[in-house]
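Take a look at this one; I'll ask things after.
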Amino acid sequence: MDKMPKWADVILTPLISLILAMGISALVILAIGESPWEALTTMVEGALGSSYGWGFTLYYATNFIFTGLAVMVAYHAALFNIGGEGQAAMGGLGVALVLLYLPLPHWGLALPAAMIGAALFGAAWAFIPAILQAKRGSHIVITTIMFNFIAAAALNYVLVNLLRPVGSMDPASARFPDATNLPSLSEIAAGLGMDWGRNTPVNVTFFLAVLACVLVWALIWRTRLGYQIRALGKSEPGAVYAGINPVRITVIAMLISGGLAGLMAINNVMGESERLVLNAVEGAGFIGIAVALMGRNHPFGIFLAALLFGFLYQGGGELALWTSIPRELIIVIQALVILFTGALDNMVRMPLERVFLAARRNKGAAR
Amino acid sequence: MVAAGNLMGGRSDAAAPAAIELRGISKAFGPVQANRDINLHVPKGSIHGIIGENGAGKSTLMSILYGFYKPDAGEILVNGRPITIADSQTAIRAGIGMVFQHFKLVQNFTVLENIILGVEDGALLRPSLSKARGVLKRLAAEYQLNVDPDETVENLSVGHQQRVEILKALYRQADILILDEPTGVLTPAEADHLFRILEGLKAEGKTIILITHKLREIMEITDNVSVMRRGEMVASVRTAETSPEQLAELMVGRKVLLNVQKAPARPQAPVLEVRDLAMVDAEGVERLRSISFDIRAGEILGLAGVSGNGQTQLLEILGGYPPKGARISGTVRMNGAPLPLSGRGCDAGQRRRDGIGHIPEDRQVEGLIMDFAAWENVAFGWHDAPEFNKGWVMDNDAIRRDAEAKMERFDVRPRDANLAARNFSGGNQQKIVVAREIERNPDLLLIGQPTRGVDIGAIEFIHKQIVALRDAGKAILLVSVELDEILSLSDRVAVMFDGRIMGERLPGQTTTGELGLLMAGVTDSDGVPPGPARVTDLPEGRA
Amino acid sequence: MILKDSLIAVIVLAICVIWALADGAAAQQGIGSALRLMTPLLLACLAGLYSERAGVFDIGLEGKMLMAAFTAASVAYLTGSAWLGLAAGIAGSLSLSLIHGLASITFMGNQLISGVAINFLASGLTVLVGQNAFGLGGRTPALTGTGRFQPITLPFAETLRGVPVLGPIYSGLISGQTVLVYVAFAMVPLTWWVLFRTRFGLRLRAVGENPASVDTAGVSVTRLRYTAVAICGVLTGIAGAYLATGLSAGFVKEMTAGRGFIALAALIFAKWRPWQALFATFLFGLLEAIANLYPNLDLGIITVPSMFMNALPYILTVVILAGFVGRAIPPRAGGEPYVKER
């Protein structure tokens, strides 16, 4: 018998982990002589108190949904992909190349083309670590870390030496053609006669992210490929016995993972900055790890966790603006969430299991 | 049925000084009661057998004795003195040594380094190593325990690794030696050598506790035997005053049919024809050497042998997933058509479509995904089957219905298809695998260790299903390290040793002694390697 | 085998000799710089060696080094003592080691995830606390005088300067480094000796290969692994302190700049062995020095951009991991929490 009911495992443990992370963050804020309560109200006010705040929260959440789903798909194949950062950066390059060099008259055409570019480049960047893991057993955690650094160097080179417009000092590409700019949610709202989220970067990519959640759910739990990914993730010798090709499935899972990470670039590169800048990903690839862990590697959980981190991100920015707490507080919270949900999960789970076991025994004794 | 109480009371040597005495030991893991009120009396200088089925609680009890677990209740006395064994260090100091079923050796250390690990004299290694070298020499001479002290453990044979374990215990001056299933990995000859070592140790006044599930070993070497069943000690008797039948009955709690009831086989045309199959693995080791055999429809070919002599590789090749980097030669024909042995066509999924079912040797590692629900496991390996799919999407309802029906027919308990595989007992897990593979009605069924870690009730059931499949005219290849199982199920027996088939026998016309010699690599006729064993080579008219 | 093992050493020395022959003065400057740049790498690499040899993977070297750099710089600034700074650096790194130990040993969690968390924790906390304490956007004020470790001139450095070949090497390279550089180099033979000649080393290696063997021998797996993780903390602490109080004069946000990961790469490169670690980190130190001296390295046929030189350690690691240059086999029980089996 399982020691705990499923709902406790799915809801209670991440919740307690979150409370622990928040509690420790509050202590840190206290330690630097600020008021945790004030910090929290500032964050809530700044991130959720206005349509402006929501616009940013949802924009960040869109990034994190993609990178969270990327970590999740790999995780189900027992692959810890911490290369989301590099894959998303490369996705940005794919978007830039498509939008700069293909004559696309309308965003409706540019979007699918850019998506293909983003996914292809992200997937390509995941391909080498994947094939090395599958064929030669090279540890994918180490190779994806290395590929993050290599991506940063490569992008630096491309932006400085190849994509930088003549005469510009800025290591960034030229602006994408106006015709390819994605409609923001505020424009859509304005079209419907509403005044919502003016000057916020959230755009149609948000809907793509929600769609991606549904598709990834279906992929993992409804398709044959998902079955094979999960089986391989649980037992490689088992998969081999069952006629599942580990090399093939490892590579496919990583390609999907890298593609999802790359798709993030639709939001930040195509949707927001409308050109490729240096370090466009800004750590969103790493936040995907926290989001996937927090969301229990389920798309619905990832959606919620991405919203939470979107809130933290936007709230953290506001915090830096209005208080003397730097936005790095968010990195601390992110670290604590990863720590408690991913590495110290037994610390949370063991006492819980004991509680449930005792409760069950009491019930048994009463009967 | 023998009243267990009589046996417990009828102990005449209770007055003899006890090396080990356990009083009322109990231990629970969560809701599972692994040991319940265990009493045990092991006289000094004796060999004491502890026998019981898988999961009866033998290993837990010994782990308590070695300080791995704290008992919930009860008392342990060593040489008459009560002690608390909080950790292995205490156990070692009390003179208890343990040889685990899975050796606890550091593979890339030398023998000497393994021996001194944990009992070094002083902070520097050099003095410890030279002292151990001297002691080892003495022990080797005294107990016929020869091993090269400077050899790296990973280069030693399994039998020699076991000697290192025994030497480790003796180096720690153990007076009481516990061996957990020591013969599982040994050839009969190696096992005999081990038993001679144990006799020698006993003659020196050492006390030995032998944990096993093999009745034959108990009868052969022990002075006394205790029987465990479902966490309880149900009897302790003098070995000379009991019989295998009585012990088996005590183990299971009811009368057991040690033999499978089956009609003579009616073999038809050959289904599987293997010719000169050879394999060299990625490390360059020859695993299979020119193997040839046939299996006909309606017969069971039993493949006996100590594990690690090529059986696993043979099953993997036939199952469509040869080890990575292996070079394979020879031919295999299934119903007349050649099976690809490497490359694209060599695929476990394709083998299933070709009519080959496979019950793998290790259900927990290969046969099941332990975290998947029972219903998901019913599609495992058959996830491509049309009835389980609707286009891109899997038809989970259809899989679930099929799973529930199979669990009903094979009496899998608990009858809950949503339960994860790891929550079933070994026997019920195996029933899920057997149901999945047998109900596909394969022309050829590959079976590896069908009853390893399975309770006797389920063994009987699984054996009946295998025989029924044979009677339905299917070909079956049965690989097992249990000679008794091979002898009672097979219509023909082939013996593997070092990647070769050493010879073929008819179960009614051979003995375990003869098979044991073959398993140890002793050939049929004075050193001449046996020719390939084929159906046609065998005498006519036995079917 | 011997040839393969000393391959890195041969390559490194070949680079040095070729460089010295091509441009003696630049080579002396560059190799001296390489020695300083490799010091934190070497310390962190040996730190990782202790931890991973004991079966605890540590991708949190980067974070621990960063934390140590920050605490060392802060305390050195506040007290004016580089030595107190060093102690604080070790303490800062050790506290993160303790978290890693709790997660990966006591609570049997995922060691990789724990390492990732520690990296972020350090990256966030250093700026958060630094900004609060000094208000310089995460930097600490610049260190001067005794707040920094100063170069030590070894005896006879001046007298021997004139001796051909050996003179410049002794007085220009070996002499004139800070004490922590010498500590780092001394750690190499010490680590080798501890690992292969002492009881502790035997048990440490055993617990990384097969913890059950240690456990059944009556030795505590938990204690051994915590000890290893603590040693790792001390060494990364020294590495971080050197970074902030020896190599630079104060802490700057994200100043480790991936050095923890390069150290990890060097560890794989070195196949978890101390002498090889020396040469692997020397190689990476040389690469960094070359990239600093020649932002665009002109090799006649092609010009190598600095970005490529910066990425080279990472690319080399991937090549090594791919097994094209001899296979790196990590300790067998690495990354796995130890669970007693029945």
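Observations on the structure shown:
For clarity, chains are labelled A, B and C in written order, and residue numbers in each chain start from 1.
Everything that follows uses one rule, which is that contacts are C-beta pairs under 8 Å (C-beta built on N, C-alpha and C of every residue); 3 or more make two chains touch, one makes a residue touch a chain.
Quantities reported herein were computed from a predicted structural model and do not represent experimental measurements.
Per-pair tallies of C-beta contacts place A-C first.
For chain C, the chain with the farthest CA centroid is B.
Taking each chain's centre as the average of its CA atoms, chain A and chain B sit 47 Å apart. Chain geometry summary: the mean Cα position of chain A and that of chain C are 31 Å apart. Those residues of chain A lying in contact with chain B across their complex are 1-3, 218, 222-224, 227-228, 230-231, 234-235, 237-238, 240-243, 245, 357, 361.
Only residues 59-60, 63, 66-68, 87-92, 98, 100, 102, 104-109, 113-114, 116-120, 122-126, 128, 168 of chain B touch chain C when the two sit together in their complex. Listing the residues of chain C that touch chain A in their complex gives 59, 99, 102-104, 107-114, 116-121, 123-125, 127-129, 131-132, 138, 258, 261, 264-265, 268, 305, 307-308, 310-311, 314-315, 317-318, 321-323, 330. Across the interface of their complex, chain B is touched by residues 197-203, 205-206, 209-210, 212-220, 332, 340-342 of chain C.
Residue ranges of chain B in contact with chain A, taken from their complex: 30-31, 319-321, 347-352, 358, 360, 362, 365-372, 376, 379-381, 383-384, 389, 392-394, 396, 420, 423.
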